[in-house]
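Next up is a structure, given as structure tokens.
So that you can tell them apart, the chains are marked A, B and C in the order they are listed, and the count of residues begins at 1 in each.
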Amino acid sequence: MNAVVEIKDLRVEYPSRELGQKTKVAVNGLTLKVSAGEVFGFLGPNGAGKTTTMNVLLGFVNPTSGSASIFGVDVREPIARQRIGYLPELTYYYKFLNAEELLRFYAKIFNIPKSEREKRIDDVLKLVELDHARTRLIKTYSKGMQQRAGLAQALINDPDLLILDEPTSGLDPLGRMKVREIIQRLKERGKTVLFSSHELGEVETVCDRIGILCQGELRAEGRVADITAQHQTNLERVFLKIVGYQEA
Amino acid sequence: MNNIFAIASVVLKEMYRRKDFYVLFVLTALITLVMGSVNIFNDDKVVRYLKEICLLLIWVSSLVIAITTAARQIPAERESRTIFPLLAKPISRNQMILGKFVGCWIACALVLVVFYLFFGVISGAREHFWPVVPYMQALFFHWIFLGIVIALVLWGSLVFTAVSSNATICFIIVAGIMLLGGHLNQIAGRMNGISATITSAIYYIIPHLEFYDLRDWIIHDRGVVAWGPWLIASVYGLVYSAIFLGLACIAFRRKALTL
Amino acid sequence: MTRLLLGLGIVSAFSLSTWLQPRFAAMQTNPNATDSALGILMGESSRVFANHFLLKADAYFHSGTYPSVFDTVTNKEPSAIMGEAHADHDHDADQVHGKDEHDDHHEESIYGEPHDWIERLGHSFIPTLHTHLDKPGEAREILPWLKLSAELDPQKITTYVAASYWLRHDPKHADEAEPFLRQGLRANPDSYEILLELGKYYNETKKDPVRARNVWELAWAKWQKQKAADKKPDELTGAEILGELVKEARSRDDAHSQIQYLELLKDLGFDKAALQQQIDALKQRSK
């Protein structure tokens, strides 16, 4: 299968705020491939390097060493993001815009022709079930609705790769289920999804493959079934073992 | 270019959905009309003081609008984290800066058109005289001036952390240049040694914003400004805007964005 | 909560009124205090603005051509429009009412040769040609600033004198001069300058020399009172009052009064020989 995301020996250092320490390593020697049509789950405790890796893929942070490419294009090139959809962990959008205007704005950036633009906006709003609230200002939306508006903007360009940073964080069970359903639908449409999450159950249900990151290093990678079989226990225990949690 | 105008359109939407402009316009109109209704020795033809007050209010209001609008653009995107989904799209940071600049600048143009129309109506109604060309020259110069200010403020917003400190510093710089910029060579002439050299260097480095203030010219009906100098000053202003934008792009490119 | 806010509001209003009332009462009894809302709002800073507005009127008179403090200093000489007297603030009316020695009507740049290209370019966008508001009715443009200046600093006598000069010389506004001068007199009851101007108004505008003489005599009395109190009244203005009285006495062919005023004028030290010659001639004629 073709690699949609390819990360080779990635290292990211930040200037450290602690005394006597010049830099802090956020990601250390990460090598990873995500193939087309796959749903890949990024797992790890807080500070493991998941978000930093996504930041590199999105061009927000430059790698200290190593490389990362999307569809074979270096992530530092803006064009690499032409076929990407991205949903940040916390979705905040322009308060003075409504969902329709927000999507129109992003559609313009993707250079979607005017004739196609409005149809695409309709489709996406229907997909995330926000069609009824399309002309309401986003600031009046509930948290779940805002998250779905976030998903809508991530889908406006009909992306081949979706990068979702903890997409269900802070949502109620119903909201989480709706987001999971959307990911499932995208998977059925052959889209590649790379997402990070703390919800192990969710990862188990949705992902084809997972990677467990700890202290900036990839500690385990593969299909959920293979990993659990290898460790002869369930995913939660595997995760706790890898991150070094000792049960009392 | 498409990306730049897409971002500019969002800035414009923000502008007309916020209350700032409407409040300042109503205030300007109200103060001008109140001053216009003051009885000046029972003479209703006195017009120049009214033009002066109206233009002063227009200058202050437009400067406040330009500085506050430009100063919050990038920090607000970062604070509300809208910058992340935006930069995750196929758009470069340079395009984002240029989009913000174009948006603010077009917004200011619209603001100026409204303000100068009001000014034209008020002065024309009193003096029954419509010097359209000098007014257009003044409006365009004012717009060039705001272009330099917006570019400077955008650069400042990437250098200073807080919006308020950037806005205050830029306001002081602009006011300082307007009041003293043109006289620095004379001040340097009265100094000696290194301080004279430094003052003289500042005189040649700073953008001479005082060029663009045609208030005295149009208050006292001095006719059309000579087109040659007008054109040179316009190009001079555009060059300074480009320099500040370039500095803003460099500063933004070096900035790491972290969630 | 609402009751608490209401209570707080009432208490604040009461405190404010007790604080304002004595001040307001004091202001009403003090004839020198400004009674304009603007003056009250601006406090002591109002004097600075009053002075600024007076200069603004001067700038308007010269159609916006006005050198900055830097230009004046660098050019070493007071600008053509400012006149020598401008260094003395008591005389700044002279520029406004057109008495300066440079009262020419030539259009000339006041800034001289620019030092560099920036200055040269800058001069293209500011009025640099020296002109006066000398077309009929044009001088009205300076009046708002004079009125504002008087509102902000009622003690600035120059303002009343300058405004009155322009009002008297505009047939449409001549009658406005008296109430404005009376307003100035209320704020400055000892001002001989305002009385001099009021006398001119009665003499030239109202053609009432008797009333004018009375006012000028009062002006001279005030001038002498100030001299006696060692307040150093302006000698030029004193001479002008006496000059007006001499002219008025001459119009009545009253040699005795003329001699009396010329003697006083001589005491002020102005061209004693010429004055003595006039006195002698008058004495000769009356014999």
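The definition used in the following text is that a contact is a pair of C-beta atoms (placed from the backbone, for glycine too) under 8 Å apart; a residue touches a chain by one contact, two chains touch by 3 or more.
Fair warning: this is a prediction, and the values are worked out from it, not measured in the lab.
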{"item": "Path length in the contact graph (chain A to chain C, fewest steps)", "value": "2"}
{"item": "Core chain by centroid distance, with centroids computed from Cα atoms only", "value": "B"}
{"item": "Between chain A and chain C, centroid-to-centroid distance (C-alpha), Å", "value": "77"}
{"item": "Distance from chain B to chain A - Cα centre to Cα centre, in angstrom", "value": "41"}
{"item": "Touch list for chain A against partner chain B, complex", "value": "14, 51-52, 55, 58-62, 78-82, 84, 86-97, 101, 105-106, 108-111, 150, 153-154, 157, 163, 165"}
{"item": "Of all residues in chain B, those that touch chain C in their complex", "value": "38, 40-43, 45-50, 141, 182-183, 185-187, 189-190, 203-204, 208, 210-214, 216-217, 219-220, 222, 225-226, 229-230, 232-233, 236"}
{"item": "Chain C to chain B touching residues, read off their complex", "value": "60, 63-64, 68, 70-71, 73-74, 115-116, 118-119, 121-122, 124-127, 137, 140-141, 143-145, 147, 167, 172-173, 176, 180"}
{"item": "Chain B to chain A touching residues, read off their complex", "value": "2-3, 5-7, 9-10, 13-14, 17-18, 80-82, 84-92, 95, 256-259"}
